[in-house]
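Given below, in the form of structure tokens, are the structures.
One chain, chain A, links the two complexes that follow: it is found with chain B in the first and with chain C in the second.
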Partner chain A sequence: MTVELVRETWPGKIFTVTIGATASEGGTRARTVTVGGHAALPFLPGDAPSPNRPVVAMEVMDAVPQDWPDALKSQLGDVMGAPADWARKCVEAYGAELICLRLNSPHPDWKDASPDAAVATVRSVLEAVPVPLIILGCGHADKDNEVWPRVAEATRGERCLMGVATPENYKTLVVSCLADGHLVLAESPIDVNIQKQLSILITEMGISPDRIVLHPGNASLGYGLEYEYSIMERIRIAGLQGDKMLAQPMLTLSGEESWKAKEAKLPEAAQPVWGSEARRGPAWEAITATSFLHAGADILVLMHPEAAAAARRAIADLSAAAATA
Partner chain B sequence: MPLTALDIYKILPKTNCGECAFPTCLAFAMQLATKKVAIDACPYASDDAKATLAGAAAPPIRLVSVGPTEQCIVMGKETVLFRHEETFYHPTAIAVRIRTDRSPEELRAAFERVKALQFDRVGQYVRVELVAIEDATGEPERFASAAALAAEMGLALVLMGSSTDALSAAASAVKQHRPLLYAATAENWEAMAQLAKGCGCPLAVRGKNLDELADLTARIAASGVTDLVVDSGARTPAATLQDLTQIRRLALRKTFRPLGYPAMAFATAGEPLDQVAQAAAYVCKYAALVVTDELEPWQALALVTARQNIYTDPQKPIQVEAGIHTVGAPDETSPVLVTTNFSLTYFTVEADTEASRTPAWVVVVNTEGMSVMTAWAADKFNAESIAKAIGESQVAERVGHRRIVIPGGIAALSGKLEELCGWQILVGPRESAGIPAFMRTQWKQASAAASS
Partner chain C sequence: MFIIGERINGMFRSVARAIRDRDAAAIADLARRQVSAGANALDLNTGPTGDDPAEVMTWLVQTVQDAVEVTLSLDSPRPAVIEAGLRACRGRAVINSTTGAAEKLDALLPLAVQFNAGLIALTIDERGIPRNAEARAEIALTIVARAMEAGLPTDRLYLDPIVLPVSAVQGQGPEALNAIPSFLALCEPMPHIVVGLSNVSQGAPNRGLINRTFLTMAMAMGLDAAILDPLDQELMDALRTASVLLNREIYCDNYLQVRTA
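Coming up: the complex of A and B.
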């Protein structure tokens, strides 16, 4: 019997977004990263082959929290205080396709570092690696609004993905990205309507919708994963159905949330039935991230090298040409 | 696909005799289409018409259960492609694959390890429920005794083998435990169907592809065996994901009966972490049963947690009981915390309070499973509902003081709440991660101030 397969076609298409710029494009990157462009749900080439597979970025911080998990310190301890070295290690040793630089230091409760210091950090990372950058603020609105314009200017033409823009604080970031040719990472608190509204607000300021990446929430395995998963799935379906304000590629920051989970950190001695903590932590991060692949995540930002490696293998496996497509 | 009134009308006698109590056959058909009456009301309906209606009423994905009645694992009968459309009903069963080519002692130890893969997560008991015993030697007795051992140890079973003789021996030994027999193929389906029928066991069917699979299930169903689980034969993640998606779509969108069964998939990666990533992918995308290699506890914990998340009903978040809960062994001087009955909120507060090493009373307010800020926005977590919960919890009889700690996010309610319940309100941290610091500083200060 020949089974007549059910193919799904969609009226809309996900925007294609390129992060980074080479010398000929006005930047200094050796290579760029392109995501999105899908006309089907993830990993279903029979519906429509996807031009761009998801990518793995690794997170680099200019300052790590005091209580950063030992499992991460043991892997990254040698580069923890040196963002440029950290970034280089992620690219050269761990194969990161993008670096996601999180500028924690400017936060008044951290080091209250100056915008100048932030710019210097960004420059050092930019020089250290050939890959495109994602640059995240510290989350303190006033301080971010001092830092963003300076960082955007210092990286003019590099086509960095900068964030996060939230409904409460997006204008300064968007203006900076407009002025200096960057892309905007738009974050909603696990809410389709807010995400859409934010895209509208951002595009109304003059940024084209193909210069936005969506970040629809912060959840991890066991701690709200299903909410973020379904919101991502709903956003992707809305985008494919033709809603241009939800038709952007999506990013997920799995590292921070995953490592907050006690399942990622608790020593085996404290909870023997959970098994090896050395494997459990990276697994918690990897499974958080790879689950989101199936909801439509295009950029996975990870911290632990083993988690990043597992995510890259999962993407390669899922994107492989299938015998029975 | 449900039948329309017109579809049904075509198979009725069209005599408008009225004996069904409706004036015309068309009127009767309209009632049948909305399931307000049964076809039995028509004394002249043909057997074909009855069969067609019964067939249309069957769920697009058959419900199949594996294992003994008292602890059976139910698979299938899913209704949607995306969990946000409704919910996914029957969590993907996980079977750990164990080969028979080892000593009875080693087998017993392996089965013990599978049995130990059970966890308590956010108040729910989650576990790996099956062992898939794979005949590695073709020896019927060896296979049968391994199956009997696992059954005796309380494990539900998948029996995997290519020798029908060996499979038959193993199935007979444990048939009262209703193992899933794996697998009928193009080469052996008649013998396998007969075996399944004889033992009353569910049967897995493996095709080389979806076409062959649909052929096989149609033949096997025609022979009277309908408790089937389907395996498209795909073994790579890309191919498996596509086949699982097609099986689900064909069943739901086309009511394609030959593939209207729970589907199974195999995690094939060599690297232990990739095993979990693959299995979790199949949990997300439509597998009713996933067969994995032997799992370490850390792998199983991640996998069953992913399954618990994906199979949580989006309309009905997991809730804890409203009322008074304890962390540690609190006494009359211990703090009283207030939070919502959304399980994730409660268990985060519980964990962070535990971490603070301060025994505490926790008054859980029924917010219909909403988190603090959502419930606050929806007016389910307000001064009235909190005051009422405090009263009903009778926490006043448990403590000597009159101070309660509310989440920082709802600090604005303090005044009104204090007025309503008469307790002093302490505003706690916005994030429960701040509880240990809060206990060290503010709670201590407030207690000291009160006692001085």
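Coming up: the complex of A and C.
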């Protein structure tokens, strides 16, 4: 007996967003990354095939937390403190399609680094790699508002994805992105209503809805994954139903969130039945990220090279399966 | 909600003048204003005209599709005029309208199939306007059966439960509303349900209030399309609010600030 596939069509479409700009487009990137454009839920054989598969970005920090897990230090210890080298390693050794540069140093409680220093870091990373950049602030609103305009100006025309815009702090970032041709990463606290509201606020400032990427909060396996998953799913369904304020590609910062879990980083010595943390940590990260693929994540930001490799394999397998059915 | 803007109709004096003078800019402006106010489709009705109505319909279609990219609702009692519109239409079209009368269905169902168009179907027939919800459902069943025979997918049907002026036939309001759920149960995939909204307030003062109150009541019963005036902002705000209350659109504090849902 053959099973008839249920084929679903939707009235709406997810916006297509291109990150990065080549020389002919006013930037310096050797290649750009395009996400979105979907007319159906992800990886469903028989439904409208997606023009752009999800991508894996790797996170690079200008300063690493003191208690960074050993499993990450063992892989990246040689480039910690050298963001340009770190970024180069992610692209050349681990195949990162994008670099997500997080500027922790400017935070007043961290290094209180100057906007000039942040600009220098961004420039060095931009020169070190040919791929497009995602640039994240330190999360301190006042300091981010000093840093963002300078970084946006220094990278004018590169079409970076800059974030995060929140309902409490979005105006300076949006103005900077408007002025210098960047894209806005809009973050809600795992809340579909606030996510929509933020898109409306951002577009009212004059940026078009196809220059926004959504970041619907932070969660990991065991720590709210299912909440974020269901919110992402609702966002994607609303977008496909025609709600243009929720029809943007989505990003998850799965690396950062996964390594906060004790299950990811506790040494084997402390909990022998859990097995080696060198395998457990990347697996935690990979499972978190690949779960979000099914809810419609377009950009996975990961830290551990093995997690990144596993996510890329999952994307390839899921895309191939959807295409052959 | 599938919103069909009603303003390009030769029954309006300014539109009649624009048609007579072939004033494309005036028609294009009316098309753009309705679309930017949230219309997903535009109704085109030549109205009474001294010229060949098929030629006028062709001109309206060409003028409007040069200005906006939306579905066109080709509104005429004459199949030949609708066919002229279908031939000129580059994008999606909806035929407005057939009834349950055999003669109408014979003429329009093949056109809907041939041109891959939607079909608005009024639940009236040779016997006139049905007196209650059950009689409406009976005609709706005939229409659905004929559509299936003709090979028109039932989700391309827009069944109209016939809205009459409250000032004239008050008892028909609940009959039209109660017909909606029975229409939805007729077939899979479900048909769409449409009304010509403004008819409910014909001859009454407070037309806007009556229109938007009836619209939200009908939406709660399952209405998912309407021919209405998208330039009536209070009406559109009520429509958006009903969409949110019915969980068809995601709520946020400033949901009214986005015109196109």
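Convention: the second predicted complex is superposed on the first by the 316 of 325 C-alpha atoms of A that agree within 3 Å, B and C clash if a C-alpha of one lies under 4 Å from a C-alpha of the other, contacts with A are read in each partner's own complex, and residues count from 1 in each chain.
Keep in mind that, in the parts below, contacts are C-beta pairs under 8 Å (C-beta built on N, C-alpha and C of every residue); 3 or more make two chains touch, one makes a residue touch a chain.
Not measured: the values here are computed from a predicted model.
> For A:Gln197, is the partner it touches chain B (first), chain C (second), both, or none of the two (neither)?
A:Gln197 contacts chain C only, not chain B.
> For A:Arg234, using the defined touch cut-off, is the partner it touches chain B, chain C, both, or neither? Pick first, second, both or neither.
After superposing on A, A:Arg234 lies in contact with both chain B and chain C.
> State whether A:Tyr223 touches chain B only (first), chain C only (second), both chains, or neither.
Touch status of A:Tyr223: first partner only.
> Of chain B and chain C, which one contacts the greater number of residues in chain A?
Touched residues of chain A are more numerous for B.
> Have a look at where A:Leu246 lands relative to chain B and chain C in the superposition and call it first, second, both or neither.
second
> Determine, under the contact definition given at the top, whether A:Leu101 touches first (chain B), second (chain C), both, or neither.
neither
> Residue by residue on chain A, keep only those touching chain B in one complex and chain C in the other, then list them.
Common to the two interfaces on chain A: residues 234.
> Give every residue of chain B touching chain A within the complex, in rising order.
Touching chain A from chain B are residues 82-84, 116, 118-119, 121-122, 209-211, 214-215, 218, 232, 234, 236-239, 241-243, 245-246, 249-250, 253-254, 256, 258-259, 269, 271-274, 276-278, 280-281, 284-285, 296-303, 305-306, 308-310, 312, 314, 344, 348, 351, 433.
> Residue numbers of chain C touching chain A in their complex, please.
Listed in rising order, the residues of chain C that touch chain A are 249-255, 257-258, 260-261.
> How about chain A: which of its residues touch chain B in the complex?
1-6, 8, 43-46, 221-226, 229-230, 233-234, 237, 260, 262-263, 273-277, 279-280, 282-284, 286-287, 290-291, 293-295, 306, 310-311, 313-314, 317-325
> So in the complex, the part of chain A that touches chain C is made up of which residues?
Listed in rising order, the residues of chain A that touch chain C are 192-194, 196-197, 200-201, 204, 234, 238, 242-246.
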